[in-house]
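The structures come next, written out as structure tokens.
Two complexes follow with chain A in common, the first pairing it with chain B and the second with chain C.
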Partner chain A sequence: MNLENTISNPQPTSLNRSSFIVSAIAIIAMSLVLLTGCASRSRFTPGVLRMNLGTEPPAIDWHITTDATSGDVIVNIMAGLTQYRKNLSAAPSCAESWEILDDGKRYVFHLRNDIFWTDGKPVTAYDFEYAWRRIEDPKTGAGYADFLNDVVNAKEINTGKIKDLTQLGAHALDAQTFEVRLKKPAAYFIYMTAHWATYPMRQDVVEKHKDRWTEPANIVTNGPFKLDRWQHDYKIELAANDKFFEGRPALDRIKMFMVAEQSTAFALFENDELDYVDNRSFSTHDVDRYRDSPYYKRVPLLQGTYIGFNCLKKPFDDKRVRRAIAMAVDKNVFPKLLRRGERPSNSWIPQEIPGSSSDAALTFDPEAARKDLADAGFAGGKGFPSVPLLYPNREDTRLIVESIQAQLKQNLGITIELLNQEWKVYLATRRQDPPQLFRANWIADFPDAQTFMNLFTTGNGNNHTRWSNKTYDKLVETAEGELDQKKRVGLYQQADRILCHDEAAIVPTFVTTQNLLLKPWTKGIEFNALDIQFFKTGRIDDSNESLNKVEPPAEIIKPATKPIEPANSEVKKP
Partner chain B sequence: MKKVKRDVFSRLKRIPTAHFSMWVVGIICLIALLSYLNVPLTPYSFDQTSETVLLGPSMAHWMGTDELGRDVLTRVIYGSRLSISIGIITALVGFLVGTLYGAIAGYVGGKVDSVLMRIVDIAYSLPDLLVMILLGVLIGRGTVGILLALALTSWRGTARLVRAQFIQLKNEEFVEAARAQGQNHLLIVLKHMLPNSLGPVIVAMTFTVPAAILSESTLSFIGLGLSPPACSWGTLASDGWRALRTHPHLIFFPSSFIFMTVLAFNFLGDGLRDAIDPRTRI
Partner chain C sequence: MFAFLVKRILYAIPVLLIVASLTFVLVRIVPGGPFDAERNLPKEIVANLEAKYNLNKPVHEQYFLYLGRLVKGDLGVSYKYANRTVNDIIGDAFPVSLQLGLVALVLAICIGVPLGALAGVNRGTAIDYISMFISTSGISLPSFVIGAGLIFIMGISLRILPVALWESPQHMILPAVTLAFGPAAYLARLTRASVLEILEKDWVRTARSKGLSKFSTVVKHVLRNAMIPVLTVLGPITASLITGSFVVEYIYAIPGMGRFFITAVSNRDYDLIMATTLVFSILLLITNTLVDIGYKFLDPRMEVDG
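Take a look at the complex of A and B:
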């Protein structure tokens, strides 16, 4: 009966149609709910850390590369003689103990016998010997070759004066003992053995695969993780190394994405597709929004930012022009622009490190700047060429260089051009043919003034200013060999003043702070003032205990800078 | 001819959207012109930084300030200079090149026509954005690169349009009459055919302007535009969108100007088409 009615009556048909639409909408809505429900359930995968590298690492070969992005990968797949503790002192790693002999001029490292490469072969002192010879071999073209300048014959081999690599003062006495001879005592030397430039390397692997030895299929490493996949310009995947000598790390897998755009990366983080963000993905605008979050953390960094001059190119071959630029830039503006805990620089050595002083650099003085510029023949900025200022393609650097451009125009009446390049291209340009002005930064390799001051000595591979000053070189060299901390600090202060005040080869702008925002499930990652992110202690899980949350707001970490006294040539046991 | 013009104008005025758009376009072009002549419309200079960064709109700064403390209104006005001039220059270049090209193809006809038109087909098959990016890389950033890139893609439509008009007009009786009188080709084209084909071409031109403004914004947005501190609406929007969630005024004002201008030009083009076409009733 009802059935007949429905058929004969046109009204219910339309009802049927509308009910069809209603049910269709209901089905779609339900499936949407289900889908989003699924998404919210898998906000993270336990044991898998997803982070943003920000850019493709130029190379993984730890002799070729000098940049921090590559470092982030290398420190997690390799282990060196020593490693940094959280307070930045050197702790045993591959070496279980070491002796300091001959008034600090000879180091003997005793290696553990239970360390293996990812292909199962043991790590021996010969692997260190090969690596140290390779980094000094001029054929390698290592950016960090100068790093080991204190080692006997290192400089001579690197500059080609000595052809025989075995003359290098670093020898494997046997498979478990590695001996290093230094030209002069160096208070900071033990820190260097924790740096990735001094990591061991496998001769057979490098020689077999040549340029392609760092490809995931070829590379052999000894660290907590191994390089599993490398999809260029997209992501790198690391997998836990079951055979790691300190024990298998808690994380199974690390996915390192390469998202250059800060805002894109931050959107990924907010969408639960990254487990934490740091400065690379955390712009000022986003910091403003999360300033009060319990998961927001600040870690001071020993990272100085500066404007470099190419001191061989006109008009910056004239130090009056350089001084004029230095005095025309108000450094107090930068922290206000970036608002991420930056500190304006009064010297090239950051204030946390002994050797820094409050008045080493030229201060903001537009009057004096205009006078110096006029003395150099550019009164009122007239006749000043339009020089380029090179900067890498990162959003926060644009603000800084635009501000400098505006300040120079306002205070000196000169116009500079801004030249923006992608990270790899920028690094290559800076190395091969640095333009008149460039923005650069330097993160300490170890917590000592040496890492900042040696950078600008004549012939240092990372001294892109091409500036050369005999007095400065001499002061830095003396300071490096000086073991009396007080005298050493004095020498560095003098050198700093020559660099940033008298000669103004660079304009130190500010010291950065690492800004971090973590997901509640991201725990245990060690962030230190050297900006080395060690993932071996990291965890991704939803246990209630939240290490990062309860930690007090980060303070300035006072790095351990006590020099190792040569008198007590002790044997350190872990 | 004068009467025709007056007629078109009065017909245009009868379309409210077009009439209103005419005013909007006029005002924006005037602002751009004044900015070009360096007439100070605001108390600030476009690259003048200050301590007051990221202020919202206020009495002192009607559109607020940006990350470096620069007045956004001043920068939007300065940006109009480039955005508008790029729109107009591109349209003019497209008009001149396209008309010449289409006129030759349509008037001469035969093999010349097929060769010329195949070239247009090829030019059409290249993706615009790709061509612009390649050119941008070759020539480098700056106004010249952007202009050349846009001009290179703007003439093709006009060329096709003019050619079609010419083929149609070629066989009209008044053209035949002129030819019979022994007038030379140039005179026939300039005096008889061109004025009669201009209507749709002018309409097409008014549509090229907003398209060019948008293309410039796109190029600037993806980072191939001007280098700082110079700015256009595109670079302003590109710099501003990062602050979308905290300081939306940085993207709101430049992009609303892009939106307004593009919309006004499009309405104007629509109106012109209706006004020129004698068959539509207004």
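Take a look at the complex of A and C:
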């Protein structure tokens, strides 16, 4: 008997038995799937907002964290001295009014007397005093400690030169009055009081629970929502705060998922499991699909991108070479490549901010570029060294740098090498020894030109160009302390022109935008240029009210025209 | 058996020490640090942070401090997730990966082994070709393709299963299938090869010639012996499945441990990198030990030693 043949051709009974078992399992499994899956469900729950944070917030301690994801949670559970209006001007919040004294070197905030923490205790000026001391305490290790460097003794305390925290120029004069003393007038200071780094904090809670104080069972907050549940790396749930001083928000609950994969998040949105998506969950391919939808919105962000030169390295120590590069790059190409509503930059200061001008930067002019390059000794690109352009390994960035490489080859006849590095390696390279060319961006911490212009002053830790210009430094320093808005704008415009035109230390490329797609039942959420999402005005309901009636299309949201003025009638002027 | 287990534990200590030491050195050689960010922190603030996490001390001191903590079961702190210890992170994430991994493992075994056995027993027939087509597809297709395909078909088009998230047992079906696909395919190929080899043995011929039914021969004798190579690979497969898969957890938004194998490195979250490596190593050692014990059950003639 040939056993091989027998084994290879088993008896029909055996085969049928196996097949039957396999088929039965498959049928049962499929039936279960279909039965469980076919249960009908509503497309949304009134009063419950579901959104995607993208990742786990690194921390909800507003002294420790510096990232936007954490900010999205913090700004919805806390309230500071002031808050941003939709047009990004500063409006009263915990402080119902404030005085600006001593030529802008002293601020006195008068707190409302009807603000309570979620445990029922009143919010007082002492909570602000404790918070501001804690952020400067070196033991806290606060990433935003330098945010308050303008406050008297802040830097000295944070660097350990002064050990006594009470020496900080921020004091509670009484339970309702908080005084801040500045080293020099800082026209942008009021914006800082709307930033989460300056929110109040409860000393007793922090000291009692130590590193665990931000867990839902321990944390005490004063904002429109309270932290109800935190499943790490998965979901945060906020619940409406009935005691919120501006009134209970319309939303009962916010579910903040942490879906990192963009396509998964968008599939959840399409499946009615998210109520809106933003850049974190909205790929360029999907933007293209929904561009004509009435529920597609676009908000310009205060996020500038640029090509930086290491101005100490040849050949970019010669400003003619830098100018040649700047004029050889057509920035109008970038929005066509990225297709997310980017706006080419004519100025390093985004156009939403006073100080921006439409002609601060060099414009595309290949002929003038070739002339400048020839003047620098590289006629027709001859003799120009092969220089690297450093960029992080992101798909959108790759498209940009490849375009720049091609444009420089075409317009100037020069070859640059693309140097792609993993994110942290890229950051380390840029910090330690920036190559001749690098691609970078900058996100505003607050809506003022200072946050962009201070970046390129001599010795700034984030000035990777190593560029130094005394006139520029002086203009920026003067503008920072100038309280006359008109003069201030003029100073920044002059500085911007030196940076992007005369000296061309950078080539501002484009300003990014937030792309949003909302479900018809998602209404009233405030999206602003700082990329902060406030949910206290949000609603989830099926009323017939049109979305566009609830809030104007994002494109027509105008910037504040007088950002440094407190702009509220309650403000007491000295 | 007791001596065997003691030997294995003693053998594990130097292995883990070497793994810990190598990882400790390697993560610090890689350029970039935990506090590098788009917005450079001032030197003074970086100094404060480094002091807070003992990163300002010489590397050898950091190493001994780490080992001292490790002996006490303290896996350290996360530099990225400031208010969480690594023990918290692993404690939250590992049970999720374990749950998903075990379901995927059962699925992989229940699908892969019968599929391979059927193919082996029916070599050269349509069943063989279909089985091998399925298993070749499982090995060739990356899990992100399978996952995306399943999300599209079952979640978006047919709407019979959730596309992602971790809310109910129903949410586990697609990720478990995606996770099981590759190992099931691998087990199927291995089982087929092993079954074919065993079927050539003289004792199988003897069993059949003595009148034992085909079904009994295959189930009781052939499969049992064919399982030895399968069992060998089940060790690393189990360790890999229950520590989570970055891709599967990422595309289905599952709060498991798999994602930390990648994100901890990209964040330069040193202690978390150490912890994920050590947890994986420990599980590998445990599953390999269990596999060795399993050999003894499958073939009592086998010697189990450390």
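Going forward, the second predicted complex is superposed on the first by the 324 of 574 C-alpha atoms of A that agree within 3 Å, B and C clash if a C-alpha of one lies under 4 Å from a C-alpha of the other, contacts with A are read in each partner's own complex, and residues count from 1 in each chain.
Operating definition for what follows: contacts are C-beta pairs under 8 Å (C-beta built on N, C-alpha and C of every residue); 3 or more make two chains touch, one makes a residue touch a chain.
Nothing here was measured: the structure is a model prediction, and the numbers come from that model.
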| item | value |
| --- | --- |
| Chain B versus chain C as contact partner of A:262, first or second or both or neither | first |
| Partner chain in contact with A:409 - chain B first, chain C second, else both or neither | first |
| First, second, both or neither for A:89, with chain B first and chain C second | neither |
| First, second, both or neither for A:45, with chain B first and chain C second | neither |
| Partner chain(s) touched by A:537 [first = chain B, second = chain C, both, neither] | neither |
| Chain A residues touched - chain C or chain B, whichever exceeds | C |
| Touched partner set for A:58, first chain B, second chain C, both or neither | second |
| Intersection of chain A interface sets (partners chain B, chain C) | 263 |
| Touch list for chain B against partner chain A, complex | 47-49, 51, 53, 67-68, 223, 227-229, 241-243, 245-247 |
| Partner chain B, residues of chain A touching it in the complex | 262-263, 283-286, 288-289, 336-337, 393, 395, 398-399, 401-403, 405-407, 409-410, 417-420 |
| Residue numbers on chain A that touch chain C, as the complex places them | 1, 3-4, 6-11, 13-15, 17-18, 22, 33-34, 36-38, 56, 58-61, 64-66, 138-143, 145-146, 155, 158-159, 211-215, 231-234, 257-261, 263-265, 267-268, 270-271, 273, 422-429, 431, 440-443, 461-462 |
| Footprint of chain A on chain C - complex, ascending | 30-33, 36-45, 48-49, 51-52, 80-85, 88-89, 92-93, 114, 118, 121-125, 127, 148, 151-152, 155-156, 159-166, 170, 173, 199, 204-205, 208-209, 213-215, 218, 250-255, 259, 266-268 |
